[in-house]
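Two complexes are shown next, each including subunit A; its partner changes from subunit B in the first to subunit C in the second.
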Partner chain A sequence: MTTTVDTARSAGTPPPAARPGARRRARRPLADVAVPYLMMLPAVVLIVALLGWPAIQVLLISFRKLDLGELVKGKVVWVGFDNYTNVLSDPGFWEIGLRTVLFTAGAVVATLLLGLGIALLMRHLSRWVRIVLQVSLVLAWATPIIATTTVFQWIFDQQYGILNKTLVKLGFDSFQGHSWFSTGGDVLIVIGLLVVWQAVPFIAFTLYAGLIGTSKDLYEAVALDGAGGWQAFRAVSWPAVKPLLTMVTFLSVLWDFKVIAQVWAMRQGGPDGGSTTLPVLLYLRGIAASHFGIASAVAVLMLIVLVAITWRYMRLLIRSPETEL
Partner chain B sequence: MLRKTHAQRLALAVVGLVVALVFFFPTYWMFTTALKTPAQILSPAYDLIPLSATFKNFVNAVTKPGFTTFLTNSLIVTLGAVACSLIAGMLAAVPLARLRFRGRKGFLLLVLIAQVAPLEALFIPMYLIMRDADLLNELPGLILVYVALTLPFTVWTLRGFVKGIPVELEEAGMVDGCGRWGVFRRITLPLLGPGLVATSVFGFITAWNEFLYGLVFMRDKDKQTLPVWLSTFKTAFGTDWGGIMAASVVYAIPALIFFLLVQRKLVSGGTAGAVKG
Partner chain C sequence: MRVWSKALVGGVAIALAVSGCAGSSGDSPSTSSQAPSGPREITVWLMNGSAPKGLLDSLNKEFESTHKDVKVKYEEQQWNGIQDKLTTALASNDAPDLIEIGNTQAPKFASEGVLEDVTADADSFNGANWLPSLKDSGSWDGKQYAVPFYAANREVLYRKDLFEKAGITTPPKSRQEWLDAITKLKAANASDPEFQALYLPGQNWYTLASFIWDEGGDIAKKDGTKFTASLSTPEAKAGLEFYKQLVDASGTKAPKDADEQTPEQAGIYAQGHVAMMIALPWEVATAAKSDPSIKDKTSAFPIPSKTAGKTAPVFQGGSDLAIPANSKDKDLAKDYLKLITSDKYQAEFAKAGMIPGTSKDVSALEADPVNAAMAAASKNGHALPATPGWATVEAGQNPLKDMLTAYLTGAKQIDAATKDADDALNKAFSGS
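Now for the complex of A and B:
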């Protein structure tokens, strides 16, 4: 055994380079070599068992017919791509998919524009106004999702909601008893507002952190050169926030695409399934109706979309020097 | 842009305050509604600032059937998951930050991918796996899922904190005759304190917020968590908005307090993984 290894080594890499390493390793007691692996073991087992295994299972189940009957009998029925053809030939799926994409796009664009706007605004505010704004943002960020969802339902309440009261007081009498939840589109707009409201603080703080990283001297320099506000933004602020903006765009897409807590808690995807998005569909098909195979196919399609969207970001992240793998 | 006129300053301040109001208002409204009487809430009067306060809503919410059970369930799953994540994360973070070994990069890559893994797309297999393991409707099953939710970023942030400790300190400890374990216990662990607090608070907030798995796994009413119960407030409260807001406040307060504690770190932590250049 040793001879074959040695010849292979000397053929490929020069032996002096390989040998010291090998000798050092040989000198270390086995217990020492094992230490890092033993310490990593619990985390690796947990991650593989709780994320890796379900990820493999979702793919496998998506090729099986698995309804309540098969589940109870413990039967394994492979059906090839049947679940996928079933899902993809359903016009309802495309409608929900399109709705989810539009919802995500709208929420992400609104979040980013508001986040960037507020980050820039914070730079120009006097100290105490900035602190007031930051405290408000932190409050919005910190309030748990479901607590916020109940508050938004109360604010948008048809009869006693403060929004309708305010609108009527401002002279828009048609909002007396106006329902903000009568169609799926309306419900999604309220959910979108809720999602954006809660996501903006993180984006604003992250971009603001990038902005204050740029030195004031740079602004003074471009101001001396006669640059106006817009030009200064292009020349100094934009390069500072652009990489961060890339990151938060990917994160926002990832988060908004898979939003379910707010959608479910608001109206369970109703009225008449009008605010159902892909994650809600997954829940309805899988858990509520017990079509585990078909739901898994939906999940795999969702995962494919998510991976496609975030692929570039993952590669950037892995290659970035700051990740220091 | 450096020298603004008086009018510009004023305009900026007004815009800033209006934006602040928009982000402040819902949370403010939750707290003030919780302090109003039912008559005040269900009246056409326009009262943005409450002139009197009642704690009856809180009593109502807390004495609703099952409230203490849901609160205890939420606390058990959240704290259990945070504890497990912290132990496993700590064990993994030290070698990842300090030791050179074969496969280190692979592990880091695994953690990085796990960090963005969308658990929302995996609840079908997770449901079936937990069903086979007889862990549906059981708090330990939910704890495991919340470990999956919090462990990757726990490993990642703790590794960052360990790296932040000057290695010379640990070497000095070794020279002074502490063993590896002694160095860890007397030098690394105390210095890691703030990092451990921050990481566990992030974990707490994440698990405390989690809704989907609580909904999917806990089919028995008495095993529900607080957010799932709160989402069904209409069956529990009807249109008693004061009670609903009071329950929301009780649910929100631990997260709010913890969040304010680590807010600064959260902001810098958010940018730590940013891709620059």
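Now for the complex of A and C:
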């Protein structure tokens, strides 16, 4: 049970020992001390059972040979680091890993810039225009992923896509029958556009929420001091959105790194494996081929890469007082 | 210390986010609890769109009337995601008693020993009349784990009116006649800028397989349970070259980097500017949804061979039936199999426009010209390499598709394209 209590602490409540009144605690009856923890217990048990246990399972399975046969017969075969050597010795893994990191970086930067731009824009728009923009954003956000992906596939279709037709009508004849999916890079750019398009609304709304928290007086004050638009942004808007920006960057990295539905639906990681990312590799090597041990090993490796990328952000999140739970 | 424990929570949070991709191995489907002793129940899983409803009703009725106190629990399954669902169902303590599996998925299940060995019972399942291609797909290492159910194969659907207009009186019976027909069709429809004599997308690899077999080659060579890809052989290359010749000659506007499903070829055919497409018989009905008049204008001929007068070998897609090793009522499942593989019920499949898996009687198909062409071609039906690795090939990045696109678009020369495909297939066959 000690682990449960530890997790409860780390979930956000400052440990009582850190409080100045810690010395008085010894005299308080035990019940007083225990009650807050007891009240948290159901939630903690749920979190550990629903979230912690599967995570530990993934880690354990990554050290097992778990194919269809083992799964059906319930056999437990430990193979040590075999799954990891198998995955890491494949030169394709490193290429795919790098591609995934670059894709994530590109998508996150584009999402944040666009989201921030729209959030700032919303502050300056008249009421009706803003409402129209907000409704459009919500609609884009609410459309199911696969529906959007299908629409994007149609837009970029080689023969019947509206994009090629429009470009030809505008006089760019070379786009007649142009394939937007001829190389892996091209496919990833289209997927990136799709992912950004779906992610921007949430980011824009979150940052906008941060911006409306700042009072108009502050902008007037800096304007009186002779600040231009850029200086007003730096002095007033930036401090307001910075903690939120840190948080949404962190979230975006997580989301974009593990995106699979759009990548798979667009070209199944093709052509010739050129747009395969780590989640697609996990599906292909692990789930499709029924090598669940290998799937778990890839999942653990993805986790390690993610922690490595987001380490700084996690520390910032944990330390910055604005995001304290 | 505090930072560390918080970081740990963060780490776990990411682990969950990531494990979301891998989580499908844990949960088992919600099948109802085991029937109490006394009255028994047999759970049968068939796929959506397989056995006609009327057939099942009378079959289940007959089974229940000959088996006192036994109830048939019939559940229709969807193809989408079936592999994962079967995996979890076979692993559970409450596995279904009889399942239908796609013939390209069958070797994967057979080789893992999760299905009941039915080698000894073949005779009671109409074993003498089994469709050879489906029999191959259900066997592993000399033993039979799955029983043929039904199959279908591709043929060339064509527009009778457009053939007449181009002065083609009899359907092509050799590759050369096929190419000649394309030339005539193009000449007769030169005024239509959208006209395509043959709609053939770049990744219709079932058709490529036909051409390769017709040349005497194969996708892979079998040695016991080991398969080695053989696309670099001169025969396979000749098949690939003919595919390109056909694409170039036909003036097809179909994408070179997609298969016949994206966009759905029946929809293109229904627009009226396509004279032929290589398709399954029921794609006529799909096309008729957009244009009902197209049904009467359409007929079919088997894919012509390079040898005049013969039909090209065709890939036979279809289903097998199998008894999961974890089934608790194997005796009942075998009785059910005996019934469904009998001539009486197999004849119903032919009537429904499919090639029966355990009966040689295809006369019911001959009434309709579109089905008749399939039946004619079915005598030369082939199976794909019966290796567990094949399920992986079809589940994801099919090296045959990549090879076709790379060769047709000129991204790779034929030697590089076939060698890369061989390497990718061998990797899939090796199972890692």
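Definition applied: the second predicted complex is superposed on the first by the 247 of 325 C-alpha atoms of A that agree within 3 Å, B and C clash if a C-alpha of one lies under 4 Å from a C-alpha of the other, contacts with A are read in each partner's own complex, and residues count from 1 in each chain.
Methods note: a contact is a pair of C-beta atoms (placed from the backbone, for glycine too) under 8 Å apart; a residue touches a chain by one contact, two chains touch by 3 or more.
Because the structure is predicted, anything quoted here is derived from the model rather than measured.
Judged by the touch definition given at the top, the superposed model places A:G192 against neither subunit B nor subunit C.
Touch criterion met: A:I318 reaches subunit B and subunit C at once.
Applying the stated contact rule after C-alpha superposition, one finds that A:Q158 touches subunit C and leaves subunit B untouched.
Of the two partner chains, both subunit B and subunit C are touched by A:L51. One of subunit B and subunit C touches more residues of subunit A, and that partner is B.
Once the two complexes are laid over each other on the shared chain, residue contacts for A:L68 go to subunit C alone; subunit B is not touched. In the superposition on chain A, contact is made by A:I287 with both subunit B and subunit C. Once the two complexes are overlaid on the shared chain, A:L306 sits against subunit B and subunit C alike. Once chain A of one complex is fitted onto chain A of the other, the partner contacts of A:P279 extend to both subunit B and subunit C. Using the contact criterion defined above for the overlaid structures, shared-chain residue A:S179 touches subunit C, although it does not reach subunit B.
Residue overlap on subunit A between the subunit B contacts of one complex and the subunit C contacts of the other covers 51, 54-55, 57-58, 61, 71, 157, 160, 254, 258, 260, 279, 282-283, 286-287, 292, 295-296, 299, 302-303, 306, 310, 314, 317-318. Listed in rising order, the residues of subunit A touching subunit C in the complex are 6-7, 9-11, 15, 18, 51-52, 54-55, 57-59, 61, 66-69, 71-74, 86, 153, 157-160, 177, 179, 181-182, 254, 258, 260, 267-273, 276, 279, 282-292, 294-296, 298-299, 302-303, 306-307, 310, 314-315, 317-319.
Subunit A contributes residues 33, 35-37, 39-44, 46-48, 50-51, 53-55, 57-58, 61, 71, 118, 121-122, 124-126, 129-130, 132-133, 135-152, 154-155, 157, 160, 162, 165-166, 169, 197, 200-202, 205-206, 209-210, 219-220, 223, 228-229, 232, 243-244, 246-247, 254, 258, 260-261, 264-265, 279, 282-283, 286-287, 292, 295-296, 299, 302-303, 306, 310, 313-314, 316-318, 320, 322-323, 325 to its touches with subunit B in the complex. Within the complex, the subunit C residues that touch subunit A are 2-3, 5-26, 83-84, 87, 90-91, 108-109, 112-114, 253-257, 262-263, 325-326, 389, 391-392, 395-397, 401-402, 405-406, 409, 411, 420, 428, 431-432.
Residues of subunit B touching subunit A in their complex: 1-2, 4, 9, 12-13, 15-17, 19-24, 26-27, 29-30, 33, 41-44, 46, 48, 84, 87-89, 91-92, 94-96, 99, 101, 103-105, 107-114, 116-129, 144-145, 147-148, 151-152, 155, 205, 208-209, 211-212, 215-216, 227, 230-231, 233, 241, 244-245, 248-249, 251-252, 255-256, 259-260, 263, 267-268, 270-277.
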